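Structures given as structure tokens follow.
Two complexes follow with subunit A in common, the first pairing it with subunit B and the second with subunit C.
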Partner chain A sequence: MSGLTVARQAVAPTAAAVPWTPLLVVAAVLVAGTGLTSALSDRPGPLAALAAGALAAGAVAALRDPADRFLAALPTSRLARRLLRLALVSGPVALALVAVSTLSPGPAAPWSSTAALTLAGLAAATWLPERRILLAAGAPLVWVCVTELLDATAGPLDWWHGRPWLVAAVAAALVVAGRHR
Partner chain B sequence: MSQLTDLPGTSATAGIAASGLTKRFGRTAAVSGVDLELHGGVVGVLGPNGAGKTTLLRLLATVLSPDAGQIRLLGRDPERPSERLEIRRRLGYLPQSPELYRGFTAFELVDYVATLKEHTDRRWRARECARVLELVGLQDRMHQKIRTLSGGMQQRVALAASLIGTPELLVLDEPATGLDPEQRIELRSVLSDTARRGTVLLSTHNTGEVAALCSRVLVMRHGTVGYDGTPAGLRDLASGRVWESDSPEPGAERSWVTADGRYRHLGTPPAGAALCQPTLDDGYLLAVTDPRRPR
Partner chain C sequence: MTAVASPLPVAAAAATAPGRRRVVLALARHELRRTLRLRWLLPALALTGLVFEEWRGPQQWNGERYGYWFTIPAVLGVAASLLAAASFHRERTAVAEASPAGEAERCLARLLAAAPLVAVTAAVVAAQAAYIWSIGGLDLGDEPGRTLRAYPTLPELAQPVAVTVLGIAVGAAVGRRVRHRATAMLALVAGWLPVTFTYWAFQAPVVAPFSVLQSQPVDVPLGNGDPVDHPAQWLLSAPNDYQVGWDRLVVSESLAWWHDLWLVGLAVVVLAAAVPRGRRQLVVVGGTLAVGAAVAQFLVYP
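Coming up: the complex of A and B.
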């Protein structure tokens, strides 16, 4: 109960502390790129996959917290603060996904893949040092790009797309295992 | 080890107990086999850069877990999640040169910290934020954005946040950084007051701060505690081992030129040397002097 009250009261200041720029830039570029692509061509290309990776990367980048060291010894854990941030950025991510899916001539950007990639980024952020958070943010996008470049349609490399719930479950387990880090 | 279990966990006996405390980063032992038992008062941690002060403070603030050894803080084991949570509710921590949210006002930042410290009564929180900001002399600046405050003021905002809820254990890493002399004196008064109800552990490079404020001082060297005692005892380490002359002394362990152009030396004085009254700086320098290192 206390945790929920803390989370509710921390929403406004956490929203003020979130670095929104990377996510908003990514979302704007994706929406504009999708609109432009659909106007010029009716071939879907890798847009849906890139959108999932880029939005996941933007969401994880929002976890970058310059005051992390300052807040490190408080009863509200780093993981709790990060989950609150992810909850806050999930709104803009969802809007961007809807926009990209609406504009895209091909299949819609998969929600489950975006969620799995975001959780994978959170897992990387949990196990990497705080100052490496942008490396963790890049992980989902790199994973998607490598899959696209290698044209992998099966095997673990494609699991973010083919088995997103498995990826999400493994990532969630890694996050739970590292929750006291 | 028996002290660890003996340390009571009540607020009246707030304290720190550690045994064989070790923390490594790669091959480097930042803290190595430290034993400690602190019961209240202001305790200073001195030491050269890289001696392990910050790592020790992070261990004692529950921010890092030790690789070996045991800690009990306020009678609880920080390695157990439920006990760590209880410690953190009663702990204030100020890291070295903290980065703050520059777009927040001082009040907003302290209020955010109070919220994350699970103080959910908004009216109490507002009063408490005003109180701690007044304690650090920022009552007239509390609604100013942090980016518009000077470095010393930002340091005081961070200090105010660490004082939320009157913690029983306060761990401060170089809290006087960026403060002017008047602000340092005010800081001493705040910390002395806090120490009446608990334990204040602070790291500093300023021996004057230790002399004015601390009842006990630890001197760290190569990750170990090289000295643990009173500031007067630290000063007395240099008793009979400080002398001045008009020329360098190759046999001295340390030598430096004073403001009046004379040479001050530490070590074993030669016959007929003009011995001086030792200062805390002299004692500190002897405590951190590595006899193996050529001078």
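Coming up: the complex of A and C.
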């Protein structure tokens, strides 16, 4: 059976098992917060950039799988299962990004940054113990918040925004290196 | 036999008032240790220090430092919110009904354990105020209405402390009521983002009384007159990208006091969602306080 067939058959049960609530709640709060802020002021703000971090965190939180240990014996690797989950949640993430970008008077939410931050969260989830998935989910959000708080527009702290493909490449390398964990 | 018999004296002792107090204090100490073990407070303090260093840097416009000094200790308010949520989320784990400490005692203990977080914010605010005094005050206003010796007033200094109280109440309510810990934490952070990072969006006269972080001074438009015609002691703000004419900058202590009270009232209302008993009383008391403080803010708004 090819990998694609396995993935196709796994879509429905995986979609049923994904914890959608964290992502959907975060997306709803972000869209409501951005809508309220833009209704009150047309001054450009950092909400779109912060949304990239928060949505990446919501996507990584969807990787939480209480059945992870039981599924370890299956031929489908944990990495493949996680990538399938990320592919499933990418739809709501994209919709929320479009909504926040449309509502926000500032620059649009960066797609490349969201992808880089999600991969960074996946890398953290790969190397942290399974029960620390919330910590891994918090990593991209904390990164973005710290960058904005310190007003860092240059240097490694801003790489999720300035050099997202570098961050994505390093994160992907870390994910591949830890694929057997 | 011992394992069955030993809880009974504890339960009997907890039924008395002094015994109940001991149980609550013991639980609070235990909860505080757990809270500190989460190791979120130290990174939050370190981040506060870094933001403080960034705040001390060169200003981009006159009065910039005065305009957002209060956002620095607000970082601790958000951290307190997350810590309270983590603590109250543990309350969702079922405990035997025969436990010597009921949910009311456990809730009280969790709130007591959160109190030191308010003290930490107060200490950071005190340190920041001491720094401002040590450098002889902050720059505020534009010539001809400018001072280099502006000091935040006491009610302004109290705002981050009140925000921390609100943060604990919101965290407690979300932690107690939201099923999944990840949802509670991420929703809290997402909710705090607009009110902290874009606090300036909530400063219009009709919105400022209901804001979480209220910035001072308040801008009062003066029209297109000559700025030198106004009294010499007035602080003024020159036209810029966000204002057409000259504004008078007014630091209103009464507005700041009422806003602090609004935050406390709001915290009491929100806390009602986290407690097992006395919800109606909390909503009535907190709601009265919040509504009264909001109305008073409109009345004293410059």
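Going forward, the second predicted complex is superposed on the first by the 180 of 181 C-alpha atoms of A that agree within 3 Å, B and C clash if a C-alpha of one lies under 4 Å from a C-alpha of the other, contacts with A are read in each partner's own complex, and residues count from 1 in each chain.
One rule holds in what follows: contacts are C-beta pairs under 8 Å (C-beta built on N, C-alpha and C of every residue); 3 or more make two chains touch, one makes a residue touch a chain.
Being a predicted model, the structure only gives us computed values, none of them experimental.
Enquirer: Looking at the superposed three-chain arrangement on subunit A, would you call subunit B and subunit C a clash or a fit?
Expert: In the arrangement built by aligning on subunit A, the partners subunit C and subunit B fit side by side.
Enquirer: Classify the contacts of A:R64 with the two partner chains as first (subunit B alone), second (subunit C alone), both, or neither.
Expert: Touch status of A:R64: second partner only.
Enquirer: Tell me which partner A:Q9 touches in the superposition: subunit B (first), subunit C (second), both or neither.
Expert: It touches subunit B, and subunit C stays clear.
Enquirer: Please work out whether A:G138 is in contact with subunit B alone, subunit C alone, both, or neither, and reply first, second, both or neither.
Expert: So A:G138 only meets subunit C here.
Enquirer: With the two structures laid over each other on chain A, which partner does A:P75 touch: subunit B (first), subunit C (second), both, or neither?
Expert: first
Enquirer: Touch test for A:A154: subunit B only (first), subunit C only (second), both, or neither?
Expert: neither
Enquirer: Which partner chains sit in contact with A:G33 here, subunit B, subunit C, both or neither? Use first/second/both/neither.
Expert: A:G33 sits against subunit C, while subunit B stays out of touch.
Enquirer: Of the two partners subunit B and subunit C, indicate the one touching more residues belonging to subunit A.
Expert: C
Enquirer: Tell me, in angstrom, the smallest C-alpha to C-alpha distance between subunit B and subunit C in the overlaid model?
Expert: Value for subunit B versus subunit C, nearest C-alpha atoms: 15 Å.
Enquirer: Residue by residue on subunit A, keep only those touching subunit B in one complex and subunit C in the other, then list them.
Expert: Correct list for subunit A: none, the interfaces share no residue.
Enquirer: How about subunit A: which of its residues touch subunit C in the complex?
Expert: Going by the criterion above, the answer is residues 19, 21-22, 25-26, 29-30, 33-34, 36-38, 40-41, 43, 45-47, 50, 54, 57-58, 61, 64, 133-134, 137-138, 141, 145-146, 148-151.
Enquirer: Applying the document's contact rule, which stretches of subunit B touch subunit A when the two form their complex?
Expert: So the residues of subunit B in touch with subunit A come to 61-63, 65, 81, 84-85, 88-89, 91, 93, 95, 98-101, 103-104, 108, 111-113, 115-118, 120, 122, 158, 161, 171.
Enquirer: Going by the contact rule at the top, pick out the subunit C residues touching subunit A in the complex.
Expert: 47, 50-51, 54, 75, 179-183, 185-187, 189-191, 193-195, 197-198, 200-202, 204, 207, 242
Enquirer: Touching residues of subunit A toward subunit B in the complex: what are they?
Expert: 2, 5-6, 9-10, 13, 16-17, 66-67, 69-76, 81, 180
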